[in-house]
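Each of the two complexes below includes chain A, the first together with chain B, the second together with chain C.
Presenting the complex of A and B:
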């Protein structure tokens, strides 16, 4: 590679980094502007101010933001856990057992995944009001299962197909009990796949806005994206731009941390399910 | 690799159990459904049931504010929607957003994938991490970031780009259809291009190096190698990426809600459904709109797969 070519690739790389991080940098900068500084017409704040963070963590807006943060974490973690377990069983059956109905399950999953969420959310809104699930945690956990199960089943069965299952028998031949063989051989092989799938599922649930805004009405269950969407209209403070930026940054941090730690696995999970599945 | 080892092993077990094959396959099926059943059931429960209920409600004139006056009206709701310009405008806007974003994302995503594939070893890991960040950022957050950047009060875009003709300190980006749609598409493109580029990168990695090398030896230029070797060999990956993204783009909702709230004619089909049911509490009309959206997506999907198959056979015929 010539030096000229090298510089070109480096420039292209830097452009990608700017592309990916620019809006994040803008949110950070915005969140550090004081309310008088918001309209300075510049990218950077004139002076750093923690006013917005105070407002959402201890001030007026904290009544909107903190319950939403708790709801988001709780609902998304529970939904991810349940869907990972259910998907694990389903993917095991699809990868290892030869039975009719495999195709039906996979195509149902695909149909549910590509389905416009709002077309389910509005009928659910009617249904949940009738059965008393409207504005409750289970009322969101259930739809989040249908949101995360399809991709979990696809990704996990792609992972499970790659596991050398005959090693389990080999371990038993070598004198291990079935339980030992499962725990010492299969679990370590399957764990990365399950973990990756759980992260991708968590991202999906964490990102949801449609269910959050249609199926909740109060702090009892409203998750962060929906709370952010309603910040502008229904809140007590004057200019919600700064507090929204601060809240947006706080909810972005966990996902960025997950990405930084598990980058390689997430990429494998995303592409495995779609390309090989 | 594992599959080639796996198969003979499974085949070796079968002949021994031939006598009880039907029993075995029956018990396997039972076990399979036992394991996959709960996941399958939840998906059906949360998806199929609401759709059937929507189908039923769509036949009524039913307002939540006036539940006692519910009356059966047959297909009237569908007639009302399909003869209303609001529906067709929403379809048009949604298709426009889908076509623009998917086309731009495909080109941009391909460029990103090429850079990630060929960039120097030193920066490759960094690129693969940062490219995931837009994917992981909440759509609503991304919509706010772009909205605030273009906003008259809090934005910096007007003061940065006022040297471009047509942009002044007072350009109201969300004031008319074209510029509002531009910002909406920009936000969507920023957020979802990484996903496409990762799928394309996986496709690129599957193109055999030998083919590239042979074309290079034969004196093919970079452009010829791209269009004659690389792209035809990753057609499947491109098709998967386009299908998934198109169907995803077709349900655009979050950005519309945050940026314009459907103003300036930017209402998409998803937003229309939301407004009918949740804001106006028109359960009957809203359900009918849901059903129509459902049918539209099915038509799009089937059409796409048909088209995709035609393409595939053409590719085979060409070979």
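Presenting the complex of A and C:
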């Protein structure tokens, strides 16, 4: 690569980074502005203020935000766990066993994944109220499974397909039952794949807004994205930009932490597969 | 330790393809049996049916006298070495070898004893803590063997275990496997497409073609008394030459001159328009280097040499010849089936490495006519096979094996 080409690449890279990170920098800056400072017409706050964080963590908005944070964590973790386990079995069957209707299952999963959420939000609202799931944790976990399962099944079956059949056959010859072979050989080998899938599933559920706003009404189950929409300013003439920015930052943190924790596992998993044996 | 008996084993896939077709084979206790054949001949399928990874469509499989058709692999007590080793990458070498023992809930101190024994045999001690990904090909291969020998299996099954190694290592591991098998005296079934492995390792070799058993015999019998064109062409490297010929009186007319058969042999091949004469490369010699006393046992002819290859210990000369269209077509089919690609009809001739025969010149060759075989090109049958001599060769090999095993036991 010539120097000229190199500089062009570097410039292009920097542009993309700015494009991607600028909104985040803006949110950070917004969250640190005091309410009087919001419309100061400049990018950086005139004076650093923790007012917004105080308001959502201990102040008047905390009644809305903290239960929502708890709900989001609980609901998303449970939904992720259930969908990972279910997807693991489903994907294993799809990758390993030839059965009738395999294609139908996969294409149905894809159809569910691309089905517009907004179209079933209202029917679900009515149905949930009838059966008593409205504004409960299970009432959100169930629709989240429909969001996360298809993509989990797809990615996991790709991972399982990568694992050589012989591994399992070797285990069976060595004296393992099919379940032992699955648990002692396939699951450890697929672990990076399961982690990757779980993270994707978690994000999907964590970022959902439509179900969150439609199927909940109180702090009993309202997740963070829905709660953010309900923030109000100090007076009705003031928009709650600052607290929303602060809350947005706080809910981004778990996502970043998750990726950082599992990054090494994910990368290790990707390179492990390249080695024969 | 057990014998393995196969009784009219058939494997038919869902689409009607018969991978294994009516195979009956008895493998004696402690015997080293090789399944060999070109790719797609059903040898691996047969092995996988023995171990239980493949269902048996019909027929009966017995291990140690007991029917195993319906048994799961884990209940058959066999151990297998896979072509790509199938080591568990998340476990250390120690745990890889210990895996079968862990599954059978063997107590820890027993596991340690057994793994250490296996590591002794295979010289794996300094690697026990490492992960398979950090090992070389040969080391991985040894770990896979360690996992096989660590428990008291009734038989060892090998599925092309050496095909992923480079040539030098392959030779070493081959002798290693032979030594190990003799030492442990365990019934072994070994699948390979490499005929060097087949010839050197096997007590008996089973040659398969399109799911059908062609011949089961000791390597010597296969080499000297092949039952048909396929076996003759498959066993031996460079392969046997097949020359078109026709019978005139008691002599065979070939592109390299007439070969006198004598009345007795001529009678066995009479009644065919076209014949194929099978001559191994080493039955030829540079005529100027042949002992005068030996000369009357063969025929001498001159031919144009196309290419010579000098290998130090041996020398090969290539002699092109014309073949009638129908025979040429059949030879081409045969060579395709044997996974080789013969572009032209030519004979490979092995001559002494000191021979002065050079490329592009006419040269005089001598051919030992006592050892040639004559095949019917239509059916492929060997018309001159001496079944009695073949049986004796295999019996001798069997006696050798029994004697060797007795010696190991002492």
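Methods note: the second predicted complex is superposed on the first by the 236 of 277 C-alpha atoms of A that agree within 3 Å, B and C clash if a C-alpha of one lies under 4 Å from a C-alpha of the other, contacts with A are read in each partner's own complex, and residues count from 1 in each chain.
What we mean here is this: a contact is a pair of C-beta atoms (placed from the backbone, for glycine too) under 8 Å apart; a residue touches a chain by one contact, two chains touch by 3 or more.
Note that the structure is predicted; figures quoted are calculated from it, not measured.
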Look at A:246 in the shared chain and tell me whether it touches chain B only, chain C only, both, or neither; answer first, second, both or neither. neither
In the superposed model, does chain B or chain C contact more residues of chain A? B
Look at A:164 in the shared chain and tell me whether it touches chain B only, chain C only, both, or neither; answer first, second, both or neither. both
A:146 in the overlay: touching chain B, chain C, both, or neither? Say first, second, both or neither. first
Applying the document's definition of touch, where does A:174 land relative to chain B and chain C: first, second, both, or neither? second
With both complexes superposed on chain A, which partner does A:56 reach: first (chain B), second (chain C), both or neither? neither
Quick check for you: in the superposed arrangement, does A:190 touch first (chain B), second (chain C), both or neither? neither
Both chain B and chain C touch chain A at residues 164, 166, 169, 275
Show which residues of chain A lie in contact with chain C when the two form their complex. 164, 166-167, 169-177, 180, 184-185, 188-189, 272, 275-277
For chain C, which residues count as touching chain A in their complex? 51-53, 72-74, 78-80, 82-90, 99-100, 103-104, 132-133, 140, 147, 151
Could you list, by residue number, the parts of chain B that touch chain A in their complex? 2-3, 5-6, 9, 25, 28-29, 31-36, 38-40, 42-47, 49-51, 53-54, 57, 112, 115-116, 118-120, 123, 126-142, 144-146, 148-149, 151, 153-156, 158-160, 169, 190, 194-195, 198-199, 201-203, 206, 236-237, 240-241, 244, 247-248, 250-251, 253-254, 257-258, 269-270, 273-274, 276-278, 283, 286-287, 290-291, 293-294, 297, 301
In the complex, chain A touches chain B at residues 1, 6, 9-10, 12-13, 16-17, 19-21, 23-24, 26-27, 30, 38-39, 41-43, 83, 86-87, 89-90, 92-94, 97-102, 105, 108-109, 112, 114-127, 142-143, 145-146, 149-150, 153, 161-166, 169, 203, 206-207, 209-210, 213-214, 224-225, 228-229, 239, 241, 244-245, 248, 251-252, 255-256, 258-260, 263-264, 266-267, 270-271, 274-275
